[in-house]
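First the structure, then my questions, so here it is.
Naming follows writing order (A, B, C and D), and every chain is counted from residue 1.
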Amino acid sequence: MAYASPPANESGADKPREECGVFGIHGHADAAALIALGLHALQHRGQEAAGIVTFEDGRFFSHRGPGNIADNFGDESVIRGLQGNIGIGHNRYSTTGETLARNIQPLFADLASGGFAIAHNGNLTNALTIRRKLVADGCLFQSTTDTEVLIHLIATSRAESLVERMVAALGQVEGAYSLAALHNDTLIGVRDPHGIRPLVLGRLENSHVLASETCALDIIGASYVRDIAPGEMILIDSDGVRTAHPFTPQPHRFCVFEYIYFARPDSTIEGRNVYESRKRIGIELARETHIPADIVVPVPDSGVPAALGYAEQSGIPYELGIIRNHYVGRTFIEPTERIRHLGVKLKHNANNEVIRDKRVVLVDDSIVRGTTSTKIVEMVRAAGARSVHMRIASPPTANSCFYGVDTPDRSELFAAQNTVEEMARIIGVDSLAFLSIDGLYRAMGETGRDPDSPGYCDACFTGDYPVRLTDLSGRKADGQLSFMTRLA
Amino acid sequence: MAYASPPANESGADKPREECGVFGIHGHADAAALIALGLHALQHRGQEAAGIVTFEDGRFFSHRGPGNIADNFGDESVIRGLQGNIGIGHNRYSTTGETLARNIQPLFADLASGGFAIAHNGNLTNALTIRRKLVADGCLFQSTTDTEVLIHLIATSRAESLVERMVAALGQVEGAYSLAALHNDTLIGVRDPHGIRPLVLGRLENSHVLASETCALDIIGASYVRDIAPGEMILIDSDGVRTAHPFTPQPHRFCVFEYIYFARPDSTIEGRNVYESRKRIGIELARETHIPADIVVPVPDSGVPAALGYAEQSGIPYELGIIRNHYVGRTFIEPTERIRHLGVKLKHNANNEVIRDKRVVLVDDSIVRGTTSTKIVEMVRAAGARSVHMRIASPPTANSCFYGVDTPDRSELFAAQNTVEEMARIIGVDSLAFLSIDGLYRAMGETGRDPDSPGYCDACFTGDYPVRLTDLSGRKADGQLSFMTRLA
Amino acid sequence: MAYASPPANESGADKPREECGVFGIHGHADAAALIALGLHALQHRGQEAAGIVTFEDGRFFSHRGPGNIADNFGDESVIRGLQGNIGIGHNRYSTTGETLARNIQPLFADLASGGFAIAHNGNLTNALTIRRKLVADGCLFQSTTDTEVLIHLIATSRAESLVERMVAALGQVEGAYSLAALHNDTLIGVRDPHGIRPLVLGRLENSHVLASETCALDIIGASYVRDIAPGEMILIDSDGVRTAHPFTPQPHRFCVFEYIYFARPDSTIEGRNVYESRKRIGIELARETHIPADIVVPVPDSGVPAALGYAEQSGIPYELGIIRNHYVGRTFIEPTERIRHLGVKLKHNANNEVIRDKRVVLVDDSIVRGTTSTKIVEMVRAAGARSVHMRIASPPTANSCFYGVDTPDRSELFAAQNTVEEMARIIGVDSLAFLSIDGLYRAMGETGRDPDSPGYCDACFTGDYPVRLTDLSGRKADGQLSFMTRLA
Amino acid sequence: MAYASPPANESGADKPREECGVFGIHGHADAAALIALGLHALQHRGQEAAGIVTFEDGRFFSHRGPGNIADNFGDESVIRGLQGNIGIGHNRYSTTGETLARNIQPLFADLASGGFAIAHNGNLTNALTIRRKLVADGCLFQSTTDTEVLIHLIATSRAESLVERMVAALGQVEGAYSLAALHNDTLIGVRDPHGIRPLVLGRLENSHVLASETCALDIIGASYVRDIAPGEMILIDSDGVRTAHPFTPQPHRFCVFEYIYFARPDSTIEGRNVYESRKRIGIELARETHIPADIVVPVPDSGVPAALGYAEQSGIPYELGIIRNHYVGRTFIEPTERIRHLGVKLKHNANNEVIRDKRVVLVDDSIVRGTTSTKIVEMVRAAGARSVHMRIASPPTANSCFYGVDTPDRSELFAAQNTVEEMARIIGVDSLAFLSIDGLYRAMGETGRDPDSPGYCDACFTGDYPVRLTDLSGRKADGQLSFMTRLA
């Protein structure tokens, strides 16, 4: 949702970060409140900014701001101000300052045919290339997001209806997109032809709902209808639901990392429950990497389901040997050098009594930079573990994502720069093992990965990118990013 | 600076309101601080929002927000963040909410040739007509200001240089504009061909300054160089100052109300000191409307200089019979009905001891709706005045302004709806008299008003509008304002 | 820490709430930062307000505010402002408004012998009785906390040294108290003679630490030295650590609910690890209340360790059938009646795929009002459970706590008003069972509860209150609370 | 209102600062709104903090905060929250931080007989001496104000009724005090026996009003009844107004500086209108210090009335040669050294066209440190004045005030450290003259100052202090201030 060319993960958090959740509803008197609830259930997909746009009687209502849903929509007067039976909302990650305010979605534009709002999960890989051309033609951009390219393409399209303009615009962009959009009293959902990001359709009484994940249907008591198909455009208005498939069909390549880490465990995507998928991954992991040990300890919370699967398959007892402090806020005191060496543990603490003198299998979902793993292992050793064996519930993450996930540049990816043996030595474990790529596909119900038709986007593991990276290839040549940072 | 077609003065303040002050500087290491100081001196021209944009090394820095200068730029870190030796700033009136944020100037755009920022004092009278056409062509507007029309005309112009594009754009707009703009390291000043709003050039050491009034030069110790001429465009960069006169010459029609009320008394505009002009107006007023009385009392602060002139000419002693409370903030408790009838006096209080048993000549600069005058007279009578004679230091304000002053619609203008006798009866005075239009011109050093070449814009008094009102004539036909209020 | 007489739990949260965490440190250059970190680890003991007081060179430094630790101490400049090598801190629950500000601890007083700050975990049961007498003598109270009574007793004591005055004051109060106090450069820790609340001593390099739980030592890398003994007063200054036992010895009655729910699982209290105690409770629970089922599902997060023990003992698989949303903030939209009936699930969501068609054993730590249990069971049933058997890892909570835990009045306690059969019917389960009181003591390593010397405070289960409830007995007679609410 | 012993005027503002305004009302349904309005009219007496306490049905309601009245009471919900028909309010100066919050008045205490709130204008000169004794007896102070001493004296008094306790307490304090207090449903007003600070009684319909000045009666339409007499205590409850004179009578010594500078020009104090008194002072000044000149220019706004009197008496024309910017906020950018030398004029600007080539008589009310005068003269000279003659409408301010006015220490008082000739040289004028002390008394209607019975407190001019300075004499001996700054 931000220009992907230079992958940036400046916070230093050692996890890939999903870059958005979207939600839309048509036909409910409490539209704004339900959107806020839906976004709350999707909070794990983006916590740094949020927005809602609603529509009623020719007017649009908008509230957007930095912070999470409760920060922005906890005040009843805000919800009341968002009038209407129809609206869309968005969660995102972002940076700070004025830049932030301009980039918070849903983006909104006054088109000649009426107002248009859009919320985007994914990332366009040729947005910079298109933007450069549009600016030369006199288009004025108000944000630095890739998403705004779509709006200008729609605005300047010569096609007649909004839908035709939108199809024409989407026909020019490359990359991943699951969209919820609003044009007057029509709610629009679109998923890119590869279906890289999720999008589902639900129903609540007489109203229709679009959401990134099924957990956002559950929170408001809506029933799940079906996943929006890759390449499908869905239009919802007072006449009901219409569907179209206006794009050239492409092989389906849903992001497998949604199953490994991003999606909420209680969501079900394309027929597969996320929690159960993770347990099966843990089972495969135990099959491939078994080692004698006394306890299986998850790195909470993301390693929990895989650790349960590992323990079940291996017969080694599952223990909560690491406790997570859930009160960690967005900011906290930056320790001075003097106290940093004390090994301050803001987020995790080892439970010494559980770990002391044990051979520990530590289970985590993935390793990005390796920094967190190093700290965790150090902590577990300090708690008296006899040996530490780390098991990772995915193959090594050796490639950056350009389809809507905030991963570091390859040069900072632990698995891109080190062999497994080097990684084991750096993070200080007695043994380290990753799930194989075929093991991952087996956990997903396949017999292994078919290189000709893998069925999932697994580029972060394999480097096999399903959509070309237009902006990236031109990036070094002309430094095209400079103009976007003009207004600091 | 906002679409003028529907004159709106929703605050109910019973004074016309100037709609902006602009300031620019080129070549000073403390550019941002000096702009903030200059805008502080221009605070009377707009107190509801403020912004500064600076430029350094290919990057623009911006800070804009609701409130006055001290609210927005009182924090040293804000000033420090506005890097560079060049920048522009703007004070404005505005409404509330998100709309406000989008409308606060300077507006900024990323053009293909670089960043462009603009600050506008005045109002374009065909902005809606142009905007409608631009939106149909696919232009996306991010504000509801008339000023943004200029930016899109510049962005979509086919002319080669920024200056040529800017001239082409200005050639299409009608109305009043004094502009300070920034294109990379060039500072640009423009005044419309009629010269309706003021703009002066100053010098501080080796740097050049643009400002709405000379008081903004004084505050930073800059020397006055000259007024920018009507129809002049001035370009300031590291090569120095260049000037051009690219527009068809027009009769000069500087706003005479700047002398009567808007400008600060210590400013000098086109060679005439404002305070002295007001005193001369008071002298003319006394000549035309003399009546025997005991004291001359100004309605503070705006009536003070004319009252001094009136007292000097009439020989009647000048007394501070009304005290103004300068702590009045932007908001205050809305009195309940129960206490409103007590005649609460937040802003003015009569000094009973001075007024009791006196025949009072009350001097004010103008009457807009008549509501404040009514309250003031009631207060002076309650203080025991024997008789109250109101003298107004301008002709009756019987027409709305469309050139950058926020006046009510004609239907709410006191003088448009009532004869002088009716006005006197409504506000409750023993006598009421206005300065004649010829008296006003005499005070300005003329022998009277020449209808063929009046020399000033005096449309609010005479209805003689120097620039045509394109948007206004089409307004009722198609309600073109609706689309602008879409995003509430 | 607030007057306990009228137990109040107005938030409606259906868990008892611990009312404070305390922390103190002596002799470390980063005292304030370490206190903030310690309080962060104790955040579960109080999240509605926090404060730190430090001392240096005759001056005290204080920062207190509503909200959690990161809200109040996330800004580095706040930490820097809290100068000195010695200080104390406090987490608490509280209500809103000005009242709140006055009540946030540490409380501070200027005594003739110097400044005195105090942080209190627990509750005094005769504070109102003493307060009434002190007010009659002319003492002015600035807060409505029970803790302030201690300060006035110290201030008006005729004993010579501060320590003697403090002992004299504590000799007059009844109830539960674990205190961290500061008098100039002396750090003081005290635990009431029954030892109802926890308090431990730790060591970090050359500095000494006091904390409510060991997890607050772990976060800063401090080592555990020992638990402060019931009735012990410990004095820490530049001469080292001195200890005293100035009170009449009493039977030890540590709060058993700390093991069941309050304390963090990674803490170890009086030699017993909390997580392992909870697992043993789960094992006892399975022994006593076994029933054939397909899965054991914890109510997260508090039911997790007992559910693991239950699953281990019963051989029934442990599954995460309920997912908790950790982004729940302190406030959120109050759903309208219209959407409340949709069964909005802000905090928990059932994982339908896991639960469908299963016989479910639901494990929770306790039931207070029963409202949450009812919603959880309804949600689990809606997810398709074949049957639902609730197992509670403690005896029925049938009595209010007056020793520092915020529980509802007896009239609102589910177990005080209903038989087990009635409770099962109301919350809608197929079966409901609680751990027996003897089972609880077995899990704590005893052979059962010895009524003559139970060893723990278990008044919430048994009604056997170890300290008399002076204020409570007089409460109805004279409504003595009224004067405290005078300043709304 | 703060401990006066070390006179402190840290802001560097070059005017003495009044330290408070008080207001009270009994028997009006809009009590809180009317108090807010009254305090707004008294805003000139204190702008850094404000508070209101009201009473209804046994409960007190309070809102206090830093900033001016509109900042704190502009929100209607705040006013609505202040329930009741009776209340008091206070404006004050203060410093920053937590200290501020604790010191904002009205102070409130829970006495055995009910709640008690107090607002104080003036300063007690033996407060530290008494405080030291009270602390030794075990009293806990929550603020660092002198006023709190009164509350403890009342609380610990053995007298029976609140009124008797209050009289006993006031009998022990020395200094200046005009008080508005609230004890349950009784409104109490007291003025010290010398009557140093003002206090008036007004009436609004059926309710009674206490206020520091009559302008606070005017704003709400209340009528003036009379001044509270020196040494008078007035009690207002539902039975009406009672009065008492419980203190030993003393010579009346009303602060003459209230007439010179503090009070609002539209107020009338003890029968003398402030504006007219200032004009008469200007007339005396012209008589005593006449010099040939072209124009009389006031330093706005405080010099305006005296300049009008001077012009009237001397026949030299009055001109607004200096313009004041009323938008100056409480904080603003701290100019860098680089731009400070530009002579930035945030507050005043010379009107060059008025001043150029003129012999100027500059009239100001007083000189404190001399810094502002120096800048003003420099500015007037830069504007082209031929000569500058400064005339001061009071005698030289050579002594600090200890009775409620914030003046610098003697070592910083310009007139205490320099002869008139030296002062003239330092501020750079051609001539400088002050009003004589006898001239001041003549302006007040006397024939001159009677040293045996001057009738006014004029200590700042004469050093003749009517009330002894107990704290001051002991100050150096034991540094008794230290304990008050303990909690930074």
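As a convention for this text, a residue touches a chain if its C-beta (ideal position, glycine included) is under 8 Å from a C-beta of that chain, and two chains touch if they have at least 3 such contacts.
Keep in mind that what you see is a predicted model, and the values were worked out from it rather than measured.
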For this session: Report back the single chain whose CA centre is most distant from the CA centre of subunit B.
Result: C
Problem set entry | Copy pair subunit A, subunit B: interface residue numbering same or different (half cut) | same
Exercise. Quick one: subunit A and subunit C, Cα centre-to-centre, how many Å?
Worked result: 37
Seminar exercise, completed: So, in whole Å, the Cα centroid of subunit A is separated from that of subunit B by 50
Exercise. Which integer distance in Å separates the CA centroid of subunit A from that of subunit D?
Worked result: 62
Seminar exercise, completed: Note: subunit A residues in touch with at least two other chains are none
Exercise. Graph of touching chains, which shape: line, ring, star, complete, other?
Worked result: ring
Exercise. Using the touch rule from the top of the page, what pairs of chains touch, sorted by label?
Worked result: A-B, A-C, B-D, C-D
Problem set entry | Complex contact set, residues of subunit D against subunit B | 29-30, 33-34, 36-37, 40-41, 43-44, 47, 68-71, 73-76, 79, 204, 215, 218-221, 264-266, 268, 273, 275-276, 301, 304-305, 308, 312, 317-320, 323, 325-336, 338-339, 342-346, 349-354
Exercise. Considering the complex alone, what residue numbers of subunit C touch subunit D?
Worked result: 58-63, 98, 101, 108-112, 114-115, 135-142, 151-152, 155-157, 482-488
